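Look at the two complexes coming up: chain A is in both, with chain B in one and chain C in the other.
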Partner chain A sequence: MAKPTFEQKLGRVGWLFVAPGLAFFALFSIYPILNALATSFFAKKLLSLKPPRFLGFDNYARVLTSPEFWNSVGATLIFAAGSFVPLVVLSLGFSAFISTRTRGRRALQLVLYSPAVLSSVVAALIWMLMFDPRGLANQFVNFLAQTPGTDRHWLSDAGMVQLATIIVYVWKYIGYFTILFITGIGKIPVSSYEAATIDGAGKWVQFWRITLPLLRPTTILVSIMAMLQCLKTFSTQYLFTQGGAPSDSINVITLGIYNTAMRDLNIGLASTMSILLFAFMMALTVIQMKTTKSGDTDE
Partner chain B sequence: MSERRVRMSVPERVSDLVIWGVLGLACALVVLPLGFMATASFMEARQITSLPYPWVPSSFHWQNFALALAGGDGQYLFLRNIFNSVLVCTLVTLSTVALAALTGYGLAKFRFKGRNLVFLAIMGTMMIPFETIMIPLYMVVLGLNLQNTYAGLVVPFLLNAFGVFLMRQYLITFPDEILAAARIDGAGEGRIFARIVAANSGPAVATLAILTFRSQWDNLLWPLLVAQEEQMKTIPAYIVKFAAEKTADEGAMMAVAVIASLPILVLFFTLSKYFVGGSAVYSSGKE
Partner chain C sequence: MKTAKRLLAGLAALLLSQGPAFAADPKIELNLWTHEDPARSVLEKKLIQEFQASNPNVTVNYVTYPSGKIKDIVVTAFAANEGPDIFNLEIQDEYPLIANGRVAPVDLKAVGAANLGALTSQYSPGILAPVTEGGKLYGLPLEVTNWAIFLNKKIFRDAGLNPEKDSPKTWEDVVTLSEKLVVRDGDIIKRRGFDFRYPYYLTQLVPMVEQMGGALTSPDGRKAIVNDEAWIKFLTFMRDFGPYGKNLGSPTYTPARNAFNGGKDIAMAESGLYQEARILAANPEFYNSGDWMVVPYPQFKSAKKKVTGNFYGHFYMVNAQKPTASQAAAWKLVAFLLSHSEDYLREVKIVQPLKKLLDSKTFKEMPYSDVFRKDLEASHSVYYAENSPKVNDLLKVAVETVMLAKVDPKQALETLKRNLQAALDDQQ
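Moving on, here comes the complex of A and B:
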């Protein structure tokens, strides 16, 4: 064998640096997703000594015809759509406003961001007390609507508890997405606005004609990120149901996977649900990449 | 400053006031629940539920904090659970920073066959949400008999793809001449990494460490699966258990929330630029 050149030696050193990380991802990301895929075709119970039995697509048929699963899908989509729209619209609005400020910008960002550093469970706990029949949420709404003493049943009515989880989530993440938009707006060259100002376009026109079109990549990115994050929601719903809220309307899909595995001990079925969630999120990510790419070539 | 003081026309001044009004209102609404948490943690339960909410504690009801720490059963499990959270977050952070720096350095500064493929494969794992692989991971932990151990709690989080991305992007601009000079001087590759590369990665390491610590501090789902013994629970799981008790005292609940949030809020207000900068880097990574 020929003696390796200096370059080849360095290449081997490079492999040595990368190897531990690569092994980690192979073991703890790629193997589990393949394992979930395989398990989704088997009847497999947690803590059962029986060997898993091959079922083909039976788990999928069972999940896709189960009313409980579709209820979870519905709960997840209502939560995701209900959180995602206000999150994107409000954070875009706030970022546009904050970007016009010459003073106090940093303080505004820090204040809006502060709930995002709390744990999700803490956020949910604070709101759980505020949604108490005698809590601040009722007091606030009753003050605005001038309906003293009315209880809105935040944590006992099926529809209101959905709204309650959405409020917690929007409150927690609004600052995070605002900062992403501010970063995006900061990347728009000042020269784009100078021409418009000379032409006499006002701030309002500038926002719709310049900021929004040039912000398109950020908007798509933030939208998909917000959507993906909403689909994975767990903590708020878990705490609320443990605290005694009705579970059906907030039985989101991650909660369904958790309960199927840990309460029903049905690993095969839980894996099937995981794979369906994965496929859906993957599809969204692919759409994001496609739209961002086509956006680049347009310009 | 002086050119900023251009005189504003009347409509401009009105819109300026409106914008300040909207932003002020938004900030007030965002801060309000935090204010509720802080004030209610010092109140007796019956003051918290008095109408309207008083906002100012009538007396400093420190028993809330005593009860929060002691727990409903007086076992002081919260102290143990706080210790667990601190230990798990620290281990995860140290490991993530170390492994991400090694991997990122290897990808940024060495040429070898398959390098791009390795990078793409690692980035691809970002698309696998933890929620979809937690069950197989749990089976692995059961198989290795690691349930209710610290090893079981930390093992899926020892590294993440975002960390590799962050370190690679940071190190790709590291001057090659310095590495070449060190090699000519006869320094070994491990020594170069530890003494030159790692020693000069401060900002990237700080960002990654803070983001990792914070997200692990928030982790509920995995400890719920792996740590079913009370002794091995972490803070979020303790909070759920504490809040679900029918007899739970509302003041004590907010005291628990304050204790759980203090470390992370202190971190946030002292090192805010890394939090804010980190979310910006994160988004650029996904673009």
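Moving on, here comes the complex of A and C:
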């Protein structure tokens, strides 16, 4: 038997370091996923002491033919599309702007990042006060539009409440993704910009020809993370509906899963919805990664 | 050999001296979970100390959770077979635990009752119906609440009204008065005349439909929506009240009962007797000013029968999965706590509807307690079933779509009927 090489020994030590993380991931992520997958094939009530009844794919058929589920899918997609684009575009814009500042960089980062530190519940509660008919949102818009006394129905109109949840989400997470982009920009060699400046390229050209192409790995990371984050949204919609907002237009899939499990106590059906959401998120991530890989080959 | 004999004798003496104590007083640890209520926590912690002093083998862990979270916490704990020994929730949320055999029947011996009849006869008629199943009693009421209308007399007077004479008797009066009392800046309401308690659709709105001869389900609970005409009238009333009708209130404003405590932002709100304690805590000046009063739950002018606000209750229950000795100790503790009903009323302003309490001087001296008592005697329990939280949400959608999304009441009723029927069928 050949004596292990230094790299092989190093590899074994590496496993020791990775093992706690893997164990944690297996226990708190893989096991619940497998458990939910198994539960999705059973008629299982959360409080029932009777053994669950095997249903095969009946739960899947029920979910996929339920108008309520497809309404949730629609609400989730509208929210994800409405949040994802501004999140990525604005955080990229802010990061480019902050990276070019010589003074006040830290302060700007701090201001943008601070909402991300707040819990989602606190953030939603703060915004609910602002979206109250007598709150700041109406006052601000009415001041700009010079329409005093107009109620924009932020929390009562189906479309406005969708917009309201998007505003809260973008406000909360924009700082987080801006920091990721700033880190990515920091990795771009300064010499590239110096060479471009010598060649007479302006800031705008440098952004399009240097920053954006070299930021591609970060952009992929941010876009996948932002999309997954948007699809998992829950707290804002939950608190808004608890606070009196109509539920149909913001009844995202996660809210549907929560209601099915905790309100209807149907954990079998809720697990099915979770697995479908998981499959959708996984498929989207694979597509995003494949698309960007094929983009790399084209270049 | 001698040493061994001495050791055995010593061990036997030790066992004999300790044995009876082990057998008679096993150590019992009870976990009691309840919702946050600062005044009640003070009282219950004090009572628990007294209980522990007279039952030294029992240790009680008293844990409070926010009202909005406790239901999920209790359900999750029971789902993991780790529920507390004692807990309380609103009956709509507790009933699924009874239906699934998760809670133990009241231990009559532990609560000191000769028989079930002797225990139930201590309470107002009908109060224990929601926790009675198959001839067994599964809970004892910590608090039972019915709503009436709290009225701010100063706002009435400022609007040129006489609160004693002009207070609302009918829902139509509520609207007419609201139109006189509301203050707006354009579309935005600065002061409301009246507003509903929106999240509590089952408690608050179903009695309004019942006044007009409608019902949520058929008497056997199998058919959804009785009397379409009554429901359409009710939904039309709600649409006219909302932002796209007379614009008198909306689910998105500050909850009416909270706004009422401030003494400025709303003239009338629905709540229970406990609201008096909330007003006192939030705004003692307003409470002591005497500028508020309570009037009975209104009726529709076209009401076919008198229906007052539904009552709902928080019942103390005991986990059936705990050892028998723990269950007995738990019921003993519950009975001890609830034997102080006058303290609960005096210090927390919550009502445990024991006949002797309702006839007590303490109850009679509570401001407007007679209004609540008369309404309570004419009321029935809120709808409770395994699916009651879902039913409440279906009502929420129906009411909000007519109030906020301009959906026609007939269409909203059709959707409600279809979804409610599906929920009822699902439960069968």
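As a convention for this text, the second predicted complex is superposed on the first by the 258 of 299 C-alpha atoms of A that agree within 3 Å, B and C clash if a C-alpha of one lies under 4 Å from a C-alpha of the other, contacts with A are read in each partner's own complex, and residues count from 1 in each chain.
Just so it is clear, a contact is a pair of C-beta atoms (placed from the backbone, for glycine too) under 8 Å apart; a residue touches a chain by one contact, two chains touch by 3 or more.
Keep in mind the model is a prediction, meaning the values are calculated, not measured.
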item: Fit or clash between chain C and chain B when superposed on chain A; value: clash
item: Touching partner for A:Thr100 - first (chain B), second (chain C), both, neither; value: first
item: First (chain B), second (chain C), both or neither touched by A:Val170; value: neither
item: Partner chain in contact with A:Leu155 - chain B first, chain C second, else both or neither; value: second
item: Partner chain in contact with A:Met262 - chain B first, chain C second, else both or neither; value: both
item: Chain touching more of chain A, residue-wise (chain B, chain C); value: B
item: Touching partner for A:Met227 - first (chain B), second (chain C), both, neither; value: neither
item: Partner chain(s) touched by A:Gly243 [first = chain B, second = chain C, both, neither]; value: both
item: Partner chain(s) touched by A:Asp132 [first = chain B, second = chain C, both, neither]; value: both
item: Which superposed partner A:Ile185 touches (first chain B, second chain C, both, neither); value: neither
item: Interface residues of chain A shared between complexes with chain B and chain C; value: 132, 134, 242-244, 262, 267
item: Chain B-facing residues of chain A, complex; value: 7, 10-18, 20-22, 24-25, 28-33, 35-36, 39, 90, 94, 97-98, 100-102, 108-115, 117-123, 125-130, 132, 134-136, 139, 171, 174-176, 179-180, 183-184, 203, 217-218, 221-222, 225, 228, 232, 234-235, 238-239, 242-244, 254, 257-258, 261-262, 267, 270-271, 274-275, 277-278, 281-282, 285, 292
item: Contact set on chain B toward chain A in their complex; value: 4, 15, 19, 22-23, 26-27, 29-34, 36-37, 40, 48-53, 99-100, 102-103, 105-107, 109-113, 115, 118, 121-122, 125, 127-140, 155-156, 158-159, 161, 164, 189, 193, 214, 217-218, 220-221, 224-225, 235-236, 239-240, 243-244, 250, 253-254, 256-257, 260-261, 264-265, 267-269, 272, 275-276, 279-280, 283-284, 286-287
item: Interfacial residue positions of chain A with respect to chain C in the complex; value: 45-49, 131-134, 138, 148-151, 153-158, 242-248, 259, 262-265, 267
item: Complex contacts: residues of chain C adjacent to chain A; value: 68, 71-72, 75-76, 78-79, 96-97, 100-102, 184-190, 198-199, 243, 250-254, 386-387, 389-390, 393, 396-397, 400-401, 403-405
